[in-house]
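Before anything else, here is the set of structures, which you'll find just below.
Next come two complexes built around chain A: one with chain B, the other with chain C.
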Partner chain A sequence: MFLLKKQNLRNFIDALSQNEAKLKVIVPIQKDDGTIYYDEYEKNKDKEIIIEGRTDFSPKKYFLPEIEEIANFEKSENEVIIKEVLNNEKRIIFGIRPCDLNALLFLDEVLIKYMYPDKNYEARRKNTILIAIDCLEACNKSCFCSYLGTNIAKGYDICLTKIKEGFLVREGSNIGKNLLEKDGIRKILEKTDKEPKQISFECKNKINVEKIEELLEKNFESKVWQEEAERCLNCTSCTQVCPSCYCFYVKDELGFDDKKSRRLKCLDSCFLDRFSRISRDFVFRKSNKAKLRQFVCHNFYYSLVRNKMIKCVGCGRCIDVCPVKINIVEIIKKIRGYDGK
Partner chain B sequence: MKEKLKIGIFSFTSCEGCELTIFENSEEFTKMLNYVDIVNSRLIKEKNPEVNLDIAIVEGSIMSKKEAEELVKIRERSKILISLGTCAGSGCVQALRNFFSDRLKKKIIKEAQTEAFEKVKALDEIVKVDYYARGCPIDADDFYRIIKLIINNQIPRRYDVAVCKECKENENSCLLIKGIPCLGPVAYGGCKAICVTKGSYCAACRGVIRNSNVDSLRNVLKDRCKLSDKEINELFQQYNNVRGVREIKKLIKVKEQLRQDLYA
Partner chain C sequence: MENKMLPTKARVIEIIDETNNIKTFRLELIDDEAKKKFFFFPGKFVMVSIFGYGEIPLGISSSHHEKRFFEVSVAKVGNTSSAMHNLKIGDIVGIRGPFGRAFPYMRMKGKDILIVAGGTGIAPLRCLVNALLDERESFGKIWLIYGTKNKNSFCYTREINKWKESGKINIVLTTDEKCEDELICHGLVTDYLDKTDLDYKKTTVALCGPEKMIENCAKKLISLGVNQDDIFVSLERLMFCGFGKCMHCNISTKYACIEGPVFTLNEVLEMKAEA
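Our next item is the complex of A and B:
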């Protein structure tokens, strides 16, 4: 265990960004309008690094970008040459919160371990070092991570815990261990035998996930879906800010000259007609009711059956971004209330 | 190599800014010229013969009988007709005239003895439109996407995804949540949510999506943004050639039934 003094936080990040492998360091910062998001440290050296509370946007874009080139094709005389593209940029993400770490563990389960590995995600995952920050209390009134166990940091390379003097720094992997031993970094840290306190807070937004898959299976035709979905705008804000939503579609972008045609993987959302549109313009999941049910059931039912994990990590972002106040926790409460009636 | 497609670009009542946007992206424009011959364009050509066309790209709203007749002729000699920009798509700012008082309308139309229609019209009120390149002005990438697909014998798919999707891609905080009006949830995307990203609100210049939840957005504008019915109507009026919420709902329903703006 190391101690990083409060005044040395910036030196620590500077040292990370000056490491020999020339990794890009990504940090949580704030826009002028108050939005907290992740961006490159190098380009934002004058900005404050936000280490407390939830970030409005998770660092999902570094693993599942909105648009990613996965292949390109070139036509010559009589053949088409197809080249696969893998992103091999190396990064350090500094300041990732426990909920978003847990979301990555869920994404690993789906996109790497389950059936067909997603090479692009896997490459990005392998090339990224994660430096986490523990949450010591619920970050806002909509999060409910403590009821899902996702308030505990897991799967990090290094983790920081805030204490009075600064931060306790611990390693979570060999990569993290080696990084902490690098010259420029090690000299900023002091050895300590202090231990971080057990994380034991409870969120205000209470959710009961006991036998939730059975509850949702039984209430597939509940009237709650229609009641809640009627006002949905299909704006997709919820699935976009969700750190564990991963749906994508693939499109070919044709160039004027055949040389520059690209195959793109683009993030999608189950709130769109396009998501389930097939030939002849037929959309098989058209009603708002069915779309919202897909969102909730994927989070708390299908993911449990298929991947043995709840997809939702309880960050509460989808609740806060919804212009019509559709609330995943309230929906489940309401269904429990109606259950059997 | 395939034979080049014959293209004509036509302007009715508009600022010709959308046409300019096509030429402004000179890289894509010069590449496009390997595949098309521009046989008609008032802006860049001296001679503009009336020949049959593979693609007519038409900008501008229709203000008079003369313009309407000309449009019908263009349609008759073109295989594909693309509506370019909001003037062509809905009538845009010219159409604001449609909501002037009767007295004012009388003075500027009847008494001035112009040929003008009493109502400014969009192209699809007169002829069949195949594809829509939307926006005031259009987005050049969006336009070239449509052209490339046509050149490659593909059908440009309808892009009925709200502006909010791109707004969130740009990691903006939502205006509606802060109580600031925005029409993003019902507006056709494809503009990269440029207005919100640059600090303004979305005025739905690209049109209102056919099956979008206008009623629910109206409630948000009322409850969260404290707008009156009149103010909400004004928001929809700005670019969409409608008196307000009721008319926009009717319009998108008609389009749904006629299967209009299915593509691009």
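Our next item is the complex of A and C:
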């Protein structure tokens, strides 16, 4: 265990960004409009690094960009050259919160471990070092991570815990260990035998996920779906901010002549008609009810059955971002209330 | 592990005009390794890339006993399928797969078989028919009921005539619109399900077509006494990956690209109605 003095936080990040491997350091900062998001440290040196509270956006874009080229094709007379495109940029994400870390663990399960890996996600994941920061209390009124166990940091390379003097710094992997031993970094840190306190806060937004997959299966036809979904605007804000939403579509983009083209993987949203449209313009999930139910059931039911994990990490972002106040926790509460009726 | 999103190349070696809207493409994989590994049963599908235009799921329509090449039959309905219709012999397409679960071909041996196709739904079923006829003696009675909009929308007409002449299979062709041809029945496939000499309690059924047709056929077949576990339905969903990543083919806790596209009727009924 190391101690990082409060006044040394910037030096620590500077040291990270000056390491020899030329990793880009990504940090949480605040935009002029107030939004807290992740960006390159190098470009934002004048900005404060936000180490407390939830970030408005998770660092999902570094693993699942909205649009990512996954292959390109070059045609000639009698031949086509197919090129695989993988992102090999090395990064350190500094300050990732426990909820977003847990979302990555869920994505690893679905996108890497289940059947064949999504190579594009895998490459980005392998090339990223994660430096987490513990949450010591519920950071906003909507989150409910403590009821899902996702308030505990897991799967990090290094983790920081805030204490009075600054931060306790611990390693979570060999990569993290080696990084902490690097000259420029090690000298900023002091050895300590202090231990971080056990994390045991409770969020204000209470959710009961006991046998949730059974609850949702049983209440697939519940009237709650219609009641809640009626006002949805299909704006897709919820799926965009969700750190564990990963659904994508694929499209080709033709160059100026039709010799060169690129294949793009693009994030999609189950709140759109196009998500389930097939031939003869038939849309399987046409109604708002069906769309919202897909979102909630993927989070709390389908993911549990298929991947043995709840997809939702309880960050509460979808609740805060919804313009018509559709609330995933309220929906589940209501369904529990209506259970079997 | 290899990148499953990356296609391997196949060359178009023959193109057959089936109707004014449907073409069959005979494809040969270029890479020998890929060719060796290419293995399927009737009902499986491939993802076909028309480079620069897109990638679409297509059922394999040739018999799995044919190892030199395979065929897909494509209706021209949108961007990628139209680009595909513009291909010429010698052109190169991309192939991923085969993916998905097939009809239970091995378990059909010794059984009576009823195949019901609507529209382009005939494509994966043509694969099944040809496979069955390749090993005709391993199966009981075989019936095919195939319906389309009108007389000009039938695929594989030459082949169907050959099937008929062989006497190895009973065939009923139906059209929604009335037509002069006395060999073609007027009406929907559902109207002819009970007009066979099959022992329905011991028959295995393979179904592929529009969702509404599947629904109505299922009801009728159950009333005829066909066991729900012996009805196999090939479902269509939007698909972008083929191996459980993109979520577009998700139906309740199932993925049509993994547990499907062929499901038993029991599974279909268990999957929640989604609309």
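Everything that follows uses one rule, which is that the second predicted complex is superposed on the first by the 339 of 341 C-alpha atoms of A that agree within 3 Å, B and C clash if a C-alpha of one lies under 4 Å from a C-alpha of the other, contacts with A are read in each partner's own complex, and residues count from 1 in each chain.
Rule of thumb we're sticking to: a residue touches a chain if its C-beta (ideal position, glycine included) is under 8 Å from a C-beta of that chain, and two chains touch if they have at least 3 such contacts.
What you see is a predicted model; the values in this text were computed from it and never measured.
Student: Of the partners chain B and chain C, which touch A:N19 in the superposed model: first, second, both, neither?
Tutor: So A:N19 meets neither chain B nor chain C here.
Student: For A:S287, select first, second, both or neither according to whether it touches chain B, chain C, the two together, or no partner.
Tutor: Second partner only.
Student: Examine A:D33 and indicate which partner it touches, taking first as chain B and second as chain C; both and neither are also allowed.
Tutor: In the superposed model, A:D33 contacts chain B only, not chain C.
Student: Once the shared chain is lined up, is A:P323 touching chain B (first), chain C (second), both, or neither of them?
Tutor: A:P323: touches chain B, not chain C.
Student: For A:S237, decide between first (touching chain B), second (touching chain C), both and neither.
Tutor: first
Student: In the overlay, work out which of chain B or chain C sits against more residues of chain A.
Tutor: C
Student: Considering only the touch criterion stated at the top, classify A:L254 as touching first (chain B), second (chain C), both, or neither.
Tutor: both
Student: Please report the chain A residues shared by its interface with chain B and its interface with chain C.
Tutor: Residues 253-255 of chain A touch both chain B and chain C.
Student: Quick one: which bits of chain B touch chain A in the complex? Just the residue numbers, please.
Tutor: Residue list for chain B touching chain A: 28, 31-32, 34-35, 145, 148-149, 151-152, 154, 160-162, 164-165, 168-169, 171-174, 176-177, 184-186, 211-213, 216-217, 219-220, 224, 262.
Student: Give every residue of chain A touching chain C within the complex, in rising order.
Tutor: 70-71, 73, 75, 78-80, 82, 84, 110-111, 114-120, 220, 246-255, 258, 260-261, 263, 265, 268, 270, 275-280, 282, 284-287, 290, 294, 297-298, 301-302, 305-306
Student: What part of chain C is in contact with chain A in the complex they form?
Tutor: Within the complex, chain C contacts chain A at residues 1-7, 9, 49-55, 75, 77, 90, 92, 94, 120, 210-211, 236-238, 240-241, 243-248, 250-253, 258, 272, 274-275.
Student: Which residues of chain A touch chain B in their complex?
Tutor: Interface residues on the chain A side: 31, 33-35, 37, 56-57, 66, 230-237, 240-241, 253-257, 269, 272-274, 281, 288, 320-321, 323-324.
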